[in-house]
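Chain naming follows the written order as A, B and C, and within any one chain the residues start at number 1.
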Amino acid sequence: MPGASGSRFWIFVFLFPFLVLYGGFTVWPLLATAYYSLFNWDGIQPLTDFVGLGNYQKIWADPIFWLALKNTLVFAVAETAIKLPLTLVVAVLLTRRWLLFKSFFRTVFFLPVILPVALAGLVFTYLLNPSNGALNAFLVDHNLVHTPIDLLGHGNTALIAIILVATWQIFGQYMVYWMAALQNVPEELYEAADLDGAGELQKLWHITLPLIRPVAIIITLLAIVNALHVFGVVVTLTSGGPGQASYTVSYFIYNEAFSEAPFRYGYGSAAALLFAVLAFVFVSGQAVLARGALRRRQEYGV
Amino acid sequence: MGRLTKRAAMIAAVLGLVGCSGGGTAGTPPAASAAPVTLKLMDFSTEQTAFHKQVSDEYTRLYPNVTIQWVSIAQAQYEQTLPLAFQSKQAPDIFYWQKEGSNSMNWLMSNSWIGTVSPDGKVPSDWTKRWPAGSFQNGINMKNGKVYGFPWQDTQYWGPGYMYLNKAVFAQAGLDPNQAPTTWSQLADTCATIKSKTKAYCMAVPMKGTDWQRAWYAMAAGNMTDLLFDYKNGTFDLSDPRMLDTFNYLKGLYNKGYFAPGVQDKSFSRQQFAAGQAGIYMDGPWMVSVWDQLGFHSDGYVVAAHPNPDSGAAGALSSTNSTNDYWVSSQTQHAADAWKLIQWITNPTGFFVRNFLKNQFATLAFADSKKVLTDPAWQQIFKIGDTKGFRVSYPDPLLKCPALSTSSAYTDASALHPNWELQVMVDAITSNKDLKPAAQTVVSTRQQVLASELQKEAASGLNVSLSCYSFGTNGWDFTKSFNPASYPKS
Amino acid sequence: MAVAAGEAGEQVTLERPRQTHRLKRLDRSVYLNLVAVPVLLLISFFWAYPFLWTISTAFKTQLGAFTAGASLVPHPLELGNFARAWVTAGFSNYTANSFIYAVSSTLVELIKSALCGYVLARYRFPGRDLLYKIIVLTLFVPIVSIVIPQFVLIEHLGLLNSRLGVILAQSGGAGALYVLLFTGFFENLPQELFDAARVDGAGFLQTFWLMLPLARPIIAVVVIFQFVYSWNDFTIPLIFTLGQPNLQNLAVGMLYFQGTHTFDWTGFAAGILMSFTPVLLVFLAFQGYFVRGLAGAVKG
């Protein structure tokens, strides 16, 4: 590996812009957030009311935080499990040489990403409502249900609605990630496999997945982390409701800390950090489990 | 010596006359400048943007050296950016703030955000006469004899508690909208008729986010109070039997299918009503202009008062001196010009009032809204608002215990889980649960915070206690207006 | 097809399978398209339906939008929403700003994450693993309360009310994930490429310059996402331009549809339609980068 002092200089130059911007606009705010979490602070008065770990204790003891956490984890797992395989399949499909109108289909699948979340929430509120919504009109007319289903009006179905709408909205983003990752796979390999008579699924499993593995891991990480931070869809689709049934952690933070003056920046910051730690533990746990399962499968030669 | 003072007096008189050339009221001491001035105003009334442009054009026509820059942005963003504006010394000259209700002045002063309304804090009596007596109170918009704020919206007519009836739906059901249901049973019967005889829903009740409050305030007021705090006994009140009764009544209507289905936001419910898909909608007088924008005018609906329990009204809607909305900022460089503008705006017969009311944005506390708002819907609203016992003035703890101006106990207690009461109510309705356990949790949690914080503050020397919040001992009840003379003399 | 003895015989034997194979491929691709395209079209309709609904809402009246339900046909037709949206959202003032911020922050992001990703992927230096771990860790913290410290920083740099301040803040935020993508990609490049470059005498900078075009797909990803993010972001442009409202962008303009008591939905829909066209064009331009792959590079 090159390590000569000439390289050393360039390494530094290459790292410099990122370190400066990242340090200033991500690391410093995070440190400040950690600092704020130790105070009761309304964002306006000077930082004087030191409470140490008081905010963390309050959050730990708050049943609504745990409700929000549960909803968030359920959402993250479900949404990721749906969107990753589906977007991969679609991405593979939309990069096949034989497919016509590729640009058109890619654009259509990507459209929801450009739509501001506020508009997406409004549109689906109209489409899903039981009075005159498109979904219910369709289902009732085709005799699939007797009475209109009220997805957003009941606690357990509201979360399902959020999962589906969020998947729809973010689908194009992961499709694009996969399309980029698939560039690592030379077309010749697929052609050779075709000659050997391999089916689509076999090609996917034996060629595609192994070759995009490093990027796939990163994409999976991004997918889970973004799913854990779900916010915009909750605000516009259900406002955390009905009641508090579809509260997620980001919405909890927003509602507790920033929705009414005087703001509670310390409390919100503590919730954010606590959640970050819990999320990290959760994701690492999943990774450890996954690696363990993989190793066991290799041991058994499956 | 004598001649000098005489000449000085003459010069002062001349200067005084020059200073009085604008405004329209006598006695504005420091003269507004003649150099070019830009006054920046900020609020979140984005629907008034075109009107603001009219206002600034007219004002510049009258006073060519003054330019008015009136900026309105969406409410959530407004509340986030205003503190940052102050922090970075970019605050506007006049701004809108009423989040803390009647405690707004104290809160704004503790942040050092506001200055007096006029440069020296003194105001002429013919300016204060524009408001009803008792509008300027120490601790609410005055401090140490200086005036900091002025009531913007009137509080007699402006607020929740009105019931709107869709004429077309009622006609279809064979009912007369001018004979609005006045009791709870009558409302239930009306709904039964509408449901059986028409394809429309009886009531459009939004429940998303905080919108449940619209129907809730209207109905709860009839049985006890529209507030989530019981100022008679000094406690949060969702678990009070009367509040639970009101809730169970509404839940009964929901279970019988009288509400339009779904958990909707207010826009949706309002459009449902305007489109004739629902017969009844409850909200405040702002609906007149909202529906006008939808092309649904007052010939399509009737306004009535909210129904009361069958045994008669046991409560009334609340009104307090809490609409001191616009403030002069502490960072303004043009205090005199700002004061001149405020006087011009609050002229009851002036350009601003005439056009503001013509647009039906709100009813103003310093104007005779009744003369200008002639739309039949407004006439109905005024008639209802004038009815005795519809809306009464509530007591204000701040005036009973002035030391509360530095207390944060109540804010802490009510800011814990904002809108918690509304959320548990919507939860109980949509999952058909009993409200009582959740209500008791909410009330006891909040009350515990309030009591313990007050105790801590009292222990550190502040003259506050839980009794500041209960007025039953002062002889007040929910159906009566509180007599200001009952406040202890400070 | 020429047929000759001996060599010709060999040729024939080689050619026919290739030719039939090519024909078989053509058949197969027609067959696949006949199946896939209609299915995709059907899915596309439902997928894009909310979008189509938005387009038709821009041509409806407020009440018409509500009563129409699922119908995509405006009745009555209302053409005034676009004019109103143009004024309300300040298109004439803010479109240029949206472009400036989006293009600039995209360039900054691209440069900074490509450079950093390359170095993280190919070189070991003290602190490399730590930096990578920190980058991954910071992804986990929700960014709700991050604006205040950023505001304080920009204020201290004296960059409030300046375009530069907005651009820096927009390119400082989410760059971590782009770095991870570049790192993953560069790590995945076959070592032969680098060895070949070194043998040819290329230095650090020249090697990087050779490798960068290979990262076209990742570049496309960064461009598309940063552009979309910057175009739709209203928080940063609003907060950092309090004293100079003419520096705001279209996304801030979209906030003006939200009134105290009402939301001008039809105007909002019209505004959104007018404002997302550039974003759509950027996507169309860059999505072609996902067609060509590494195939050429490996062979060469």
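One rule holds for everything that comes next: a contact is a pair of C-beta atoms (placed from the backbone, for glycine too) under 8 Å apart; a residue touches a chain by one contact, two chains touch by 3 or more.
In this text the structure is predicted, and so the values were computed from the model without any measurement.
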Most remote chain, CA-based centroid, reference being chain A: B
Innermost chain by mean C-alpha position: A
Chain centre separation (chain A, chain C; CA means) in Å: 17
Whole-Å gap between the CA centroids of chain B and chain C: 45
Whole-Å gap separating chain A and chain B, where each centre is the average of the chain's CA atoms: 40
Residues of chain A touching at least two other chains: 43, 126, 132, 258
Sequence positions of chain C contacting 2 or more other chains: 66-67, 148, 265
Contacts with 2+ other chains: residues of chain B: 80, 87, 268, 272
Chain B - residues contacting chain A, complex: 76, 79-80, 83, 86-87, 99-100, 107, 110-111, 201, 207-209, 260-265, 268, 272, 277, 408, 411, 415, 417-419, 423-428, 430-431
Chain C residues touching chain B - in the complex, by the definition given at the top: 61-63, 66-67, 88, 147-148, 151, 155, 160-161, 234-235, 238-239, 242-243, 245, 252, 255-263, 265
Chain C contact footprint on chain A (complex, rising order): 1-3, 6-8, 10-11, 13-15, 17-19, 21-22, 24-30, 32-33, 36, 43, 93, 95-116, 118-120, 122-124, 126-127, 132-134, 137-138, 168, 173, 176-177, 179-188, 194-195, 214-215, 217-218, 221-222, 225, 228-229, 231, 249-250, 253-254, 257-258, 265, 268-269, 272-273, 275-276, 279-280, 283
Parts of chain B lying in touch with chain C, wherever the complex brings them together: 44-47, 49, 71-75, 77, 80-81, 84-85, 87-88, 90, 267-268, 271-272, 274-275, 286, 289-290, 293-296
Of chain A, residues touching chain B in the complex: 43-45, 64, 125-126, 129-132, 148, 150, 152-155, 238-245, 255-256, 258-262, 264
